[in-house]
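Shared between the two complexes below is chain A, which has chain B as its partner in the first and chain C in the second.
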Partner chain A sequence: MQLLVNTLIAGSFAAIMATGLALVYGVLRVFNLALGQFALVGGYVTWWLVQPLGLPLPVGILGGIVCGALVSWLSFEIAVRPFYKRHPLLPLVSTIALSQILDGLIQLIFKEQTRSILIRAKEMVHLGSAVISMEQIKLIIFTVVLLSATAWILHSTSIGRRIRATVAHSQAAESLGISSALLHRLVFIISGTLAAIAGIYVGIDQNLTPVLGFTITIKAYAALIAGGKGNIWGAVIASYFIAAIEQLAVGIKWFGYYLPAGYQGSVALMLIIVLLLIKPTGLFGRTSRFA
Partner chain B sequence: MNKKLFVVSGALFFAACASNKDVIKIGTIGPLTGDGQSYGQDNLNAIRLRIDEINDAGGVNGKKIELVSEDAKCNGSDATSAAQKLVNIDKVAAILGGVCSSETLAAASVTEPAKMILLSAISTAPAVTDAGDYVFRASPSDANKGRELSKYFEREGYKKIGIITENTDFCQGLRTTVKNTMGSGASLAFDELVDQGTKDYRSLLTRLKDTDFDVIFINGQTDATNVEMVKQARELGIKQPFAGSDTSDSATMGQLAPEAVEGMRVINTSNKLGEGGADSFAAKFRAKYGEPKANLSYATLGYDSAGVLAEALKQVPTLDGAALRDALYNMNYAGAAGTISFDKNGDVVGIGYALKEFRDGKIVEIEDIEISLQ
Partner chain C sequence: MPDMNFFLHLVISISVVLMNGLPYGLILGRGKILHFGIMGTSLVSTYGIFLVLMNGGGYFLGFIAGLGIAILLALVFSWLAFRLDSDSFGILTIALHLALLAVVLNWIDLTGGAMGIAHIPRAPGLGDPRYFALVTSTVALIWGFFLWKIDRGPLGRRLTALAENPSHARSLGISREKVYTTVFVLSAVGSVLANLFYPQYIGLVHPSDLTFYFMIMYIMFIVAGMGGGIPGVALSCILLTILKEAIRFLPFPSGALGPLRLIVFGMILLVAVYLRREKLFPVPRTV
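Up next is the complex of A and B:
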């Protein structure tokens, strides 16, 4: 029971990151390696508004989200838009550069120190045999709401239909009059905003250090690829799946023995490799046809 | 055009060589970014303070000391490149560092063949003892700290001991000594190794909760990971006491999770090292850099390591590596932390420990522990 709760906590965070990543990859076919830094921007701005400035938490969260959106918009204009039409791999390099610049800026502005958005002890709730904090319940519920909202936007609004059309076949979508420039910018900002929200999660539930960015990015990519590149729901399910494996790997006995905790991360990634060997398109990837 | 460039760069090269004669370069290695930076910064600031004082007083044998600081991010590979740069490119006279034990052990593989002094202020892994003839340290080996922790567990009547260890040289060394020095009747009820930088310990701690144990030794490499272990353990309802070492002796932990760390006991070099009146090291450090980010003893030992090295450099104007080494072995230096000398392995003699406790988010020293050499 506790393991299920732990999975939900870890998975919610990963799912939000992966959704943004899958959106960007699905629509722009671009790898954004600065996503973890967008998350840190969100987390740190919220910390700054809540801790040193003493503003209420909701204001801080809003500020973090707005800043995350602004930074991702700027990043799109500077590091992605000028390059991605020329070659899909160019943004790979430019976003690595961007991630290092952002890392540097975060260290410069927020100093090299471990930060936590909420300092007081959390109110713990008992659910059967499991323990969970109020904050974590809110995070889990909020993720479900956020993901449902994304689903609604994708499936029931005109923007969503345009996004799905572009994912399905970008040239055909463009020939039908879907303005890709605007759509691409929008999708990139949405993904950055989702990352910022995920960063605020980390800041509330755990703590922030300026070196976290790359680790966050890599985990999101693992989910993206395991879920079938560009498939949003695949990425979401894969995020929860990876979280579940990570928690189960150390939490229960395997053949009478506990697995050493140091293998927690590797076990999940190993399973992804096995999965990709069996099904190279990922959990929910469509088998693409080359004609 | 090319010729001109050649002449200009040649002139610059000779100019650089000429100016090198008037200064003694000392390298530093430590974490300036990343999770370990709080103690890396304290250490470096204190070294700077001591070097500035020496330079203001006329330098060493009339030469000013120039610091070349490298960021090794608390890991071996960055420390190796830092040491290579300092030895081969900057051609420093000696190196102060590393700070994390992984840094010191990796850097030693470069400095030892080059016969260069590597003097670490606060690396405490037992393996540093045998790292080389030119490797010294100003902080006692964890072989002592592990033993003192075991004795403390015995005194408190803790029989079933749990350890969560982050997978680094420093933490592994401490885990091994605690394991080997446990009193009769005591046993390890829980002994787990986690990846460096892990932040989500919930499932591991869920398992710990189902284990029957008396005390849990939080053995992480940095305060950023320790505070997560402690916080998540209390959130899951684990009630047993926590014990820690150097890396938990950090003011940051008290600020990040005051309720969770309340009552946690820590064994480390005393915070009062360097504390004193208006002329003390502590007063000078605070005036220039404010409160230490992790704890004062890291700064004090950094300050003394710079002082010891400068004293050795003064005795050996040729800056020859072997002569510097011998000078250090014969050193008896009255520093801010106490009288510092080195045993035959280059480990410090004369610095003890204190037992500390977190109270209301602050670290309070309960008693001094003198290291009994067994």
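Up next is the complex of A and C:
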């Protein structure tokens, strides 16, 4: 039961990140390796507003989200827009550079210390044999609401239909009057905002450290690739799948002893690599045929 | 102020960077292959060499062990490259590097964890920094010349053809499998050479010297110097290593130097990608 609860907590965080990634990949066909740093910006700005400045938590969260959105918009203009129409692989390299710059700025401004948005003792609740904090319950519910809202926007609104049309066939969508430039910018900002929300999630549930950015990004991309690139729901399911592997790797005895917690991430990444060697299109990806 | 020792330090640092960076010029610069796992290869080869050495195996056995394990990982990378799209391959090479780093950091009994392996002795004849600089620079020169010949020879042309248009290259009888495997193995040999010398020089194997930050440095060397082939990459390695080492003399608090280095090199990479955007991933010719 505790493993299931832990999977839900870790998977919810990864699912928020992976949703944004899948949107960007589906629409722009680019990888953004600075996404983990957007998460850190959201988390650290919220920490700064709530802890040193003493503002209420909702104000801090709003500030973190707005800052995450602003940074992702600026990042799109500086490190993605000049490159992505020339070649889809260029942003992969330019966003590596951006991740360096953001990492350096975060370390300069917030120092290399662990920070937690909530420093008070958490109220724990027993669910059968499992223990979970009230904050974690709220975060899991919030993820469900956020993913449901994303589904509703994608399937029941005009902007969602435009996004899906661009994912299905960008040139045909453009010929029907959908402004791809505006849509690309919008989707990139939504992805960055979702990452900032995920960063706030980490800051509330655990601790923020400046070196976390790259690991977050790679784990989220592993989920995206394992789920089938561009497939939002595939990425969400793969996020929970990876979280389950991580929990199982260290949560149960293997050949009579427990694996140290430090191997958690390695086991999941190795398994994803093996999975992709067997099925390169991912769990829910389809192979395209070209005439 | 910089003195003779600093000059020797620069020569050794540049030589080590050239050994690892020049074959990466073939992979990313010539072949446009998004392989971000060369620090992963460095990681396994370093630990392979020095675990054998520190357990009484000697330098020769250590070198053979490091080479064997690095080539094995290069073959795994080749296998991944044949199975995945280029962007997925890029991400998963980083994932494999991070996974290997986590193993090194957590298998404390074997690797020493975050403390690394200390008190590494230098090979006979390399005790004096002047000899050390002479040997490393000679090895780097010979290795660079060999790679320059490769770059200008049939393998370089095949890499260029595969980068420009894989389908056309295949129709001309170029085997992507053979070419990729050869350059990945060459890169593994470069990693072994570099990591045979650097830990001896500082007397320590430390996992923080093998993180993704150093991979980003190599990407920057290639992107900045790729217009000039192997000589261009070599020039870029030399100039940017000097800049990296010179930053320590700036009048900033020591805690600010690390982040400052990240920002400076991030900006250099961004500008280099912008300036080289036509050459880094050229649009395939249609006529």
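Criterion: the second predicted complex is superposed on the first by the 280 of 291 C-alpha atoms of A that agree within 3 Å, B and C clash if a C-alpha of one lies under 4 Å from a C-alpha of the other, contacts with A are read in each partner's own complex, and residues count from 1 in each chain.
As a working rule, a residue touches a chain if its C-beta (ideal position, glycine included) is under 8 Å from a C-beta of that chain, and two chains touch if they have at least 3 such contacts.
Since the structure is predicted, the reported quantities are computational estimates derived from the model, not experimental observations.
Superposition of the two complexes onto chain A shows a clash between chain B and chain C.
In the superposition on chain A, A:L186 makes contact with neither chain B nor chain C.
Of the two partner chains placed by the overlay, neither chain B nor chain C lies in contact with A:I245.
Touch criterion not met for A:V66: it reaches neither chain B nor chain C. Touch criterion met: A:A97 reaches chain C, while chain B stays clear of it. When the two structures are aligned on the shared chain, A:L277 is found in touch with chain C, with no touch to chain B.
With both structures placed on the common chain, the touch criterion links A:N6 to chain B but leaves chain C unconnected.
When both complexes are overlaid on chain A, the residue A:T215 reaches chain B and chain C alike. In the superposed pair of complexes, A:A151 makes contact with neither chain B nor chain C.
Legend: residue contacts after superposition of the two complexes on their common chain; A:F83 is shown touching chain C, with no touch to chain B. Among the options 45-53, 63-71, 99-107 or 351-359, the segment of chain B that ends up inside chain C in the superposed model is 99-107.
Shared interface residues of chain A, touching chain B in one complex and chain C in the other, are 107, 112, 215, 260, 262, 265. By the touch criterion stated above, chain B contacts chain A in their complex at residues 32-35, 37-38, 41, 164, 167, 192-195, 197-200, 202-204, 206-207, 223-224, 227-228, 234-237, 252, 255-260, 293. Looking at the complex, you find that chain C touches chain A at residues 32, 34, 79-80, 83-88, 90-92, 94-96, 98-100, 102-103, 105-106, 212-213, 216, 219-220, 223, 255-256, 258-263, 265-267, 269-270, 273-274, 277-278, 280-283. If you check the complex, the residues on chain A that touch chain C are 31, 78-79, 82-83, 86-90, 92-94, 96-105, 107-108, 111-112, 214-215, 218, 221-222, 225, 229, 260, 262-263, 265-266, 269-270, 272-273, 276-277, 280. Residue ranges on chain A touching chain B, taken from their complex, read 2-3, 6, 9-10, 107, 112-116, 119-122, 124, 131, 133, 202, 206-207, 209-211, 215, 246-251, 258, 260-262, 264-265.
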